[in-house]
């Protein structure tokens, strides 16, 4: 029977006609520029050091989470437990720091390890146990948040002052948070040149074809979740620096926001196409929308509505260029 | 001792026995054809060799050593590569990225050596480009390439793996004549260097042109291996399907009636430039020319699946505008699309639903209620009249062989009693037996006054079935062949625009 | 390996098993009245997950994350209109359903015609609807359920079964019939299994997509209406609890997230499984952290029992 | 500089209590506006995560507020941004939920004491004897933990009170209803239910649906609950308690902020660390029910009984 054995392979192809929603990456940069423009015009002191710094400080966790989510989505997966991983990392890092600067390296290493291990578990469930990622990670999210609650039954812990002050500092005239975001971008650029990213893209593009080609599919999937978990750990560490404390509920809402950022940034939810650059822009756009609503003086009952409406409108607008490229 | 031996290979997919103790043996330095009807197990046998399919039983020896292939990653060691029937390209990746996927040159940390990759890819591409006389853009995502170019990239990909054993599973299905030649040239070079090439095709001309020996499969078992120098096409067909069932393409078609059922004037659209023609009742109108000259687009526009930018369509004397295939269906049109898995079938759904989906509105009661009994009767009718071989109507369509799947795609329209059937390469990848049945069927339909527009990549099929052939070139009708002009020379000449000012 | 077991049957067996475990842990858990109670609570999830089932069946990465917000909005509308008066129940129901339908239609239109990915579209819609609820109520929802709604949910009828369960049963029968024996159902499976083939067979793909999301909105509002009969008063995060569980119920019931395969009976069983599991966990004397971990692990075990995907090597 | 700009940051809009809190704040601010002490009022009220609330606060700082009233999403996670605010001379008042930051002033009721009042009532009404079940809010949430600390301490002091189990219903009415139904199935002999806030109405509905005699239970001072209470106290002899947890705390917080802006200093003895505990207004019990109900019967169900300190009352805390 022609076409049946790799039949699912064809899904990847026909999707290209029908289901293709991919914001071209440049659209997200344009949107980002627009968001910055609108924000700056509404906000008198937008370009002051404090303001830029404080914005960047809040961007870091979502940016890192969005990059992690991007890698997972590129590989054809999705991680609904990302926020719970972030929480767990937050709690572990703060608990281990015990407020002493000497323990910071240990705590950060442990945080990365925890993030990586959670990612590993998710990856094994998706790749080897072959569960549907969206529900498997929904289930693991309970496990990670349960663990977080177990480790830190109520918010607290203390973070050395030097650590969170350092995060708010300026280094060589550029805010530390900006350095971190630059670091994340560089990390992505390095990863992009690595075989593993190519394999992740191949698996997300067409799993069966990738397998038939000799790509180590399961390993690539696991790698995508482990990398995702590591970036989630970075996000968790960013939150520790931003909040200077631990909280067993801190990460939850980041999960869905990170997915939105990824899509606004031009990565296709079905995997295989896109990149982290757009997601970083997407994360910033989402954060800036909050600012815009703030500085536009929207009445308090309308804030939620306007916020949501802007996001939906941005998605719809961003999607229009892709409508024109419908043919094969 | 042959270079490659496979013996006692068994594979069962759920209830379907794909391979039933098949065996295969071939030497280095030969092109060995693997033949058989649809569903006889050719692709499965190939996939056992490339590790995609895990056999239930069987033994593989290469160079006298028993080998275990636990997955496609293992084939690297034995230098086995394949052009898969369904292609194995990653749509979003570029040609450059696809061709050496999983074989990228990289440093010890795993970072890809881009320069080295590019060099290696261009080297392979160069071997084709000479024979092809043109180059394919390797920096575009392959999904944006034409099906033919995708198939070529798949071939580049297999070649780039520097195989000792190369499998070509219907690797020519989407290729034009010149491209087939180019592929053959490269394959011959490879053979001359001592590689073993396994060639799977339903086109006998190609088999005889390229191969030295052939092994024939039937129902998952090996019927035998023959030297192609000593056999005829008919001998092979007998081996494949048992005695008797030979196609009778060249039987004079019944003449069409006079009434025009479809009139097209100045149709422009995606890849179409002012197409005009008339179609009469009971007529088979062929669409010829090189593949990719707008034939498929014409069918899609006629069917409302793509919008025309200019021009008029009249069905049975009335001007129509189809915004959706549903509109075309209401006017008695049907489309048998070119890629059945992608466009024709819902593989995971039951055969019954696949057969009834296009006509269920005819049988609905009230606000869309369907009677299970009447749906089943309808489906049974189609199965009977087309001689579709199925297990049970409630089994998923994916369990059927290619030929039977194709019959489902045709059968679903018959239930709708169409007046005009648009067929886009309906016998692509279909075996001789099924082809013959389809031809017979087209005849029967036209005798009842149904008209057919047939796009086909096989010239003999086109010539044998059509009353007239419209030869298309760059979206326009370049020539109309009828009567004595309906012969292969004229057809090829018209397609290549020989003897005409360009 | 033999034939794969029917996921609906496995899920059903697991529901029974959970009741047995519950009974062992705390006697009385599997008493008839408690079973009825668990079923009653499942019914709200089940009704909301009915729309989710349709959306997921329709394929194209279909998922509706706005169900929770629409449940709340439907309940808010119904409660304000009805305000405790039996006479206003139908009018309130009609308005709630109309609101749900309209919101769902917006989802559908943007997904079908502007190709916004469903997950993101409905997520955005959730915050828009939440905002609408705030604007509509000025943050203070008013009104309450009518006595007849309360009786429907709570009062026992034949065999001690409350009216809501009969309604749920009727919904199950009706939806199963629609899925199997109508052109709508056939078209739905068709677009879920292969949109392009469906389109080329004359199925109006986009209209189906719009219809499916509209129905999901409608069923969410219906769920909100019944849930109002249970809680009797509304609050602003009434429906939030249903968003991801509605997806989980569909998947636990054996419907594939890829679309085109599955059915509503599975979702019914899936809703029951998730609800019993929650109930069993409440009765366990355990720290909240432990409950969450157990919930996650049991869910994973369940999915591993039958929610596994194809092997790459065939 | 005078006139001042004040802001309120509320990171959760899912409850009516929060709406009432915002309204109280605005009403109090209007008076100051009329007197020319405040020129601009900024309200940030949306469902945001902790990061989002940090962003809200930073935006207010950037917009040049002089004082911020915060209902914090976390006890600890805002500490760093509060420090930023303090460094820029912004006065930060946390209401409803205390924060650990030494740079903020917490203006809150004592949640432990709030819980002790109803726990004590329950234990007394039971005569110090009996089995109770507990339905708490969100595990790990500081207010919840403070409350449970207070209540469990009370129950521990009554040896005859046996806590059968502690469950969590996330301060959600419907979850409270479901949890109560499950508890009823598991424990045949429940004498008392200790439950907080909106979950009480849900638990009560589950109790009613069970058809069993109503046990003693704690409740809340909200009109919806009181309406049920009013119906049941005669027909079923239902007895309960609602301790006011005032949304007006935001207004009290604003008054405190205004005093601070005007340069006045708190008397050190009213502070406990950086926290100013304001008195819990009152509790509704069978004794005063009738009187209160007659005054509030016309309010919407979502209205919480309220209370706040006036400007004069607040001034009493200052030097």
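Here the chain labels run A, B, C and D in written order, and each chain numbers its own residues starting at 1.
Keep this in mind: a residue touches a chain if its C-beta (ideal position, glycine included) is under 8 Å from a C-beta of that chain, and two chains touch if they have at least 3 such contacts.
From a predicted model like this one, the values you see are computed outputs, not experimental measurements.
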| item | value |
| --- | --- |
| Between C-D and A-C, the pair with more C-beta contacts | A-C |
| Where chain A and chain C are represented by their mean Cα positions, the distance between them in whole Å | 28 |
| Computed distance of Cα centres, chain D from chain B, in Å | 71 |
| Centre-to-centre distance between chain D and chain C (centres being mean Cα positions), rounded to whole Å | 33 |
| Cα-centroid distance, chain B relative to chain C, in whole angstrom | 43 |
| Residues of chain D whose C-beta touches two or more other chains | 13, 22, 47, 139-140 |
| Chain B residues counted as touching two or more neighbouring chains | 47, 52-53, 71, 342-343, 347 |
| Multi-chain contact sites of chain C, meaning residues that touch two or more partners | 127, 130, 134, 138-139, 194, 196, 199, 287-289, 313-314 |
| Every chain pair meeting the contact rule | A-B, A-C, A-D, B-C, C-D |
| Touching residues (chain side chain B, partner chain C) in the complex | 13, 47, 51-54, 71, 303, 305, 324-326, 328-329, 335, 337, 342-349, 353, 356-358, 360-361, 364, 367-372, 412 |
| Residue ranges of chain D in contact with chain C within the complex | 13-16, 18-20, 22, 47, 139-140, 165, 167-168, 172-175, 177-179, 181-183, 185-188, 198, 201-202, 205, 209, 224, 300-303 |
| Touching residues on chain A, where the partner in the complex is chain B | 1-7, 9-10, 12-14, 16, 193-196, 198-199, 201-202, 205-206, 208-216, 272-273, 327-328 |
| Touching residues on chain B, where the partner in the complex is chain A | 38-39, 43-44, 47, 50, 52-53, 71-73, 75-76, 82, 84-93, 97, 101-104, 106, 109-112, 114, 141, 143-144, 157, 170, 270, 339-343, 347, 398, 400-402, 404-405, 428-430 |
| Chain A - residues contacting chain C, complex | 5, 8, 14, 17-21, 80, 125, 129-132, 134-136, 138-143, 145-147, 149-150, 153, 207-208, 211, 217-218, 256, 259-260, 263, 268-270, 301-309, 311-312, 315-316, 319-320, 322-323 |
